[in-house]
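Structures given as structure tokens follow.
In what follows, chain A forms one complex with chain B and a second complex with chain C.
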Partner chain A sequence: MNESVSFFGLVGRVSKTVLLLVYALFALFPLLWMIIMSLKPDSQMFTTTFIFSPTMENYGAVFLRSDYSHFFFNNLIVSVSAVLLSLVVGVPAAYALARFQFKLKEDIAFTILSFRFAPEILVILPLFLIYQKTGLYDTYFGLIWVYQLITLPLLIWILRGYFEDISPDIEAAAQLDGYSWWQVFLKVLLPLVKPGLVAAGLLCFIFAWNAFTFPLLLSDARAQTSTVVALRFLASDTVHYGQVAAAATISALPEVILALLIQKHLVRGLSFGAVKG
Partner chain B sequence: MASVQLHGLTKWYGKRRGIEDVTLDIADQEFITIFGPAGAGKTTTLNLIAGIVAPNGGGIRIGGRDVDGLEPADRNVAMVFESYALYPQMTVFENMAFPLRSPKHRTSASDLDERVRRYAKVMKIDHLLERSIQALSNGQRQRTALGRALVRQPDLFLLDEPLSHLDAKLRHSMRAELKEMRSQLGTTTVYVTHDYLEAMSLGDRIAVINQGRIQQVGTPKEVYFMPASVEVAQLFGDPEINVIDARVKSKPGGLRGLQVLGENVPVGVPADVVLNGAETVKVGVRPSDIDVVETNSAANFHGLVYSFEPLGTKSVLTIDAVDGTRIRALLDGHRTFDVDRRIQFRIDPYSLVFFDVERGRFLAKSKLKGEEARDG
Partner chain C sequence: MSTTVVLPPEGPTIEPARTELSKSAAKYAKRKALRPYLILTPTLLLTIGILIPFFAAIYLSFTDFTLRSSDYSFIGFDNYVSMLQNPDFWHSLIVTLQYAFLCTTVEMLLGIGVALLLNEENPISKFLRIVLIFPLMIAPVIGTLIWKLMTNPSVGILRTPMSWIGLGEFKWGASPDTAMFSLVLIDAWVYTPFVIILVLAGLRSLPRSPYEAAMIDGGSAWFVFKNLTLPMLAPVLLITLVFRLMLSLQEFSIIFALTEGGPGDTTMSLSLLAYNRGFPFYGVAEAIPIMLFLWAIVYLISFILIGFWRKAQQRASGVA
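Moving on, here comes the complex of A and B:
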């Protein structure tokens, strides 16, 4: 180590490392515990901590001997579609709210944000009745639609900031360079908001994937998602903690894989707010 | 290459006036500067020519072709923005190549490469081509923006305060470079600036614009020596021109004398100064036409030194004249004056500009010595 590092500098470094380590343990231990539980046979669930005879029995029970995979794919279909729909609707909306001056602009932006104000449990009863009447109950489309309450405000408000940071001059410059408005949007603007798009898209996916209240009450055997179904392993005659843990572990995988895949863009997206220069 | 005609161009932003009734003829290959203070409507004019904003009235012709209603991409003009408007996610090369890759100006790969490199060399940024825009200094960004405008050889260049964000030294050297470039390229150029030195040194002609209206169009000399109004006169020159109230006194024999600051000035009032019954005019005197003298003379004005600012080769002296009028003089740098000292000064009687009192419009310029003699 460099000799010029002072005593306090050294203490600072060490304590920083220790604190980060403690935090990492705090954050990761529940995940580790979940994985351990999912590998334990029921008989050893309460008698062992770290030393046990691991088994894939729980995964087998969840995936091979139950219809969990069906609900897992339900969740995948509903969440991915909800995010895609939000992107298709939200990107132009965010652009319009950032660029154009029109009447009630701020009111519209605020209304979109206010979708998230009421707790889901508060609006679920009227929604439930409406869904029953209109036939949206227990359909993919019904869930995708109601998920827009979760994903759309998030996407619009994050992307609006990104679009606002791009100088209108850049758009004008690209038009003068010989591009039509759509080409400017695709070739200049979208690459510039890409970090925000990736970050907002991932956050939307996580919120949609983890949604619980809406699928619990607005869907049933056909469209129900894995978050709701995972509870079934608790609710039957005996409590199968191992199977709940296995279901939860599998459930967390898509988010982890997605986050790892787009990590490069994600870090930029969350730390570099603005387009510089 | 093209001539440009603006005809009664008007643009309102809601209730705020952008420009009103701007009419301007720009000849082919002319370099015209649009000069005015902040918020005068300079950038609005450029944006209208480029097609970035649509006018509320009037029309634009570029190269004899009506471009009203045409998209910016279809006008074949290139613009350098005050903010440079470079594409931050691209390298210098990609920025400059961007116009040549567009559907309108698509160029073969080898031709594109050759042109980008050629103009990068002209702009002295050929060593930076692979750099990202984020890693450039302001001056380099400015060159990249100019390069991007140059590569596709447009009919018309629009430059919006391209030098205003550079530091003073760089600004001066870029001004010289631009001057050299314009003589090489010969493309019609509209150059917007709020710096009167830039406007005068670069422009074949200057269009002075203020509060959304064209005040005067003329060569740099015309605009400086025969300003259309007090306003225009005050926009050019630093320190600002002195505008002093003066009395016109009729003398026997039809001659008219002039009284400034209570003293008679030994110059006849030109015949073009029509007073319509009024006895007073406004007289403009450039600070450089005032000199402090040490010898007594009946023609001298008297005053007190109010302030003295040495500026190196020159110095600015502010004088309180006898009647309380404050006058700025631009003197040689080697002279020094103490505040409150009594001094005598002279106004060059052949450099006066006459404006009417009511609206500040240009009336006449005092004749040079020789001219007056010839007239007589």
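Moving on, here comes the complex of A and C:
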């Protein structure tokens, strides 16, 4: 009996590992293959699978000899600005929602959250008209503003949780020491939530960077972002598959690196603070 | 010596300071009552700025406005009536529900399974916990782009292994029979890590003592999972379900990038339908009712599920 249990235990352990590795293959192989493709010269694209002579040619073509870099920097400008604006506006807001008791508090909090879950096309349809009329269409500011729907609810809801974790006694103590409210906020509270702040900011950046529908429909040749343009690489007449893969890699790599930096805070971030990881 | 000098002046100043404090405390309390609203004003201005177009959208949906001409007139509920009479709309509604149901089911089951497998302390699990989130972090459009390359008939790597199992001619997004399957596959590739990491966090925060008790009682693994893990995990599972349902009902970018709603209209979800009406064909006023309808569905479903979530939270804290 005991032997059979350990036998089944072993089979169980092995099959668990096998299942896990099958899933890992499914999840990670496409990324690996994307990198492989991006390093393949055009001449070996159709004739080789894994063994080929790697080249940086595709990256050169995408980044130096096409307008992709322009859209890449557009994405950088728009996403960074959107996050900065959200930080300036959202950090105090998150604090207010965490600490103060006031009328309509939960209603306001949920209204802010609901912006993240409104159908994007519904927001875009009228916004498109207004942007056309007011000249915000295809401008950095137009995108930065509409990106607040992505970044602001995320930032506020994550940070609210981090602020709630700080004991009000710490604030009270600092106030008794003669600090004004702003001083307490800047000198005592912000350093305490700093890890959460950095994580929330980076996560907002990732989501802003990944935004597709807003820049697709609210911008054009001037302000469009690399996420949108990467898709066009495949639609063009003479497809250089290696360049498509290089464009995808360039667009994906920054986020993978950032994700590694904020791992500990990812659960909270992705669940808007509903699950405390 | 110095202490005796310092102490006496301090003694008398204490009393006036107290009354001063209580006066300013009243002022302070008044300011404090307004403060949260003041702090929240910029946030609300930025986001409510977006609400104005929202109301504009509702207004426009009662007109025959198009992007072609600046002239338009009020036509009441005509757009809504014609939407409900249009078979395309009902087709898209079914596609949307089908897509959301399939994606959410696959992702929840797969995600919970993988999370249970990863909830162990060994080097493989530790490593995979870090790298398995990568697909979630890259833009869904870029993920779709990679899958488009992988399933490409000329350079795609999946053709050879598919031919091993007799599916060499598998058409992926290009055939009406397999387009939905391909979309669900890509959606699951992108979003299963989301379920994994939330469920994993839930599993790791479970209290240990009920498990020790169950070990002593000798409950089977399934018994323990069903009667202990599942109820305690219910809040996390429900909130994960809410997020996945809300976003998969509205999914635009994956479908747009892979099939653009095609072939024909096999994968024309409500978002894609509204996009097609609103942009290439300029029928903004026609598109808005479709999106309002979708929004109502999303709102209703999440409202119901969040109710369950609150209950599950109370129950789970009772168990723990």
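In this section, the second predicted complex is superposed on the first by the 224 of 277 C-alpha atoms of A that agree within 3 Å, B and C clash if a C-alpha of one lies under 4 Å from a C-alpha of the other, contacts with A are read in each partner's own complex, and residues count from 1 in each chain.
The working rule: contacts are C-beta pairs under 8 Å (C-beta built on N, C-alpha and C of every residue); 3 or more make two chains touch, one makes a residue touch a chain.
Just so we're clear, the structure is a prediction, and the values are computed from it rather than from any experiment.
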| item | value |
| --- | --- |
| Which of chain B and chain C A:Asp177 touches, first, second, both or neither | first |
| Contacts of A:Val89 with chain B and chain C, given as first, second, both or neither | second |
| Dominant contact partner of chain A by residue count, chain C or chain B | C |
| Touching partner for A:Met37 - first (chain B), second (chain C), both, neither | second |
| Touched partner set for A:Leu234, first chain B, second chain C, both or neither | second |
| Partner chain in contact with A:Phe115 - chain B first, chain C second, else both or neither | second |
| Partner chain(s) touched by A:Ile77 [first = chain B, second = chain C, both, neither] | neither |
| Those residues of chain A which chain B touches in one complex and chain C touches in the other | 275-277 |
| Complex interface listing, chain B residues touching chain A | 47, 50-52, 71-73, 75, 77-79, 81-83, 85-89, 98-99, 102-105, 133-134, 141, 148, 152 |
| Of all residues in chain C, those that touch chain A in their complex | 32-33, 35-37, 39-40, 42-44, 46-47, 49-50, 52-54, 56-57, 60, 67, 110, 113-114, 117-118, 124-125, 128, 130-143, 145-150, 152, 154-155, 157, 189, 192-194, 197-198, 200-202, 204-205, 236, 239-240, 243, 246-247, 250, 252-253, 256-257, 271, 274-275, 278-279, 284, 287-288, 291-292, 294-295, 298, 302 |
| Residue ranges of chain A touching chain B (in the complex, touch as defined) | 167, 169-170, 172-180, 183, 188, 191-192, 275-277 |
| Residues of chain A that touch chain C when the two form their complex | 16-17, 19-21, 23-24, 26-28, 30-31, 33-34, 37, 45-46, 49, 85, 89-90, 92-93, 95-97, 100, 102, 105, 108, 111-112, 115, 117-123, 125-130, 145-146, 148-149, 152-153, 156, 181, 206, 209-213, 216-217, 227-228, 230-231, 234, 241, 244-245, 248, 251-252, 255-256, 258-260, 263, 266-267, 270-271, 274-277 |
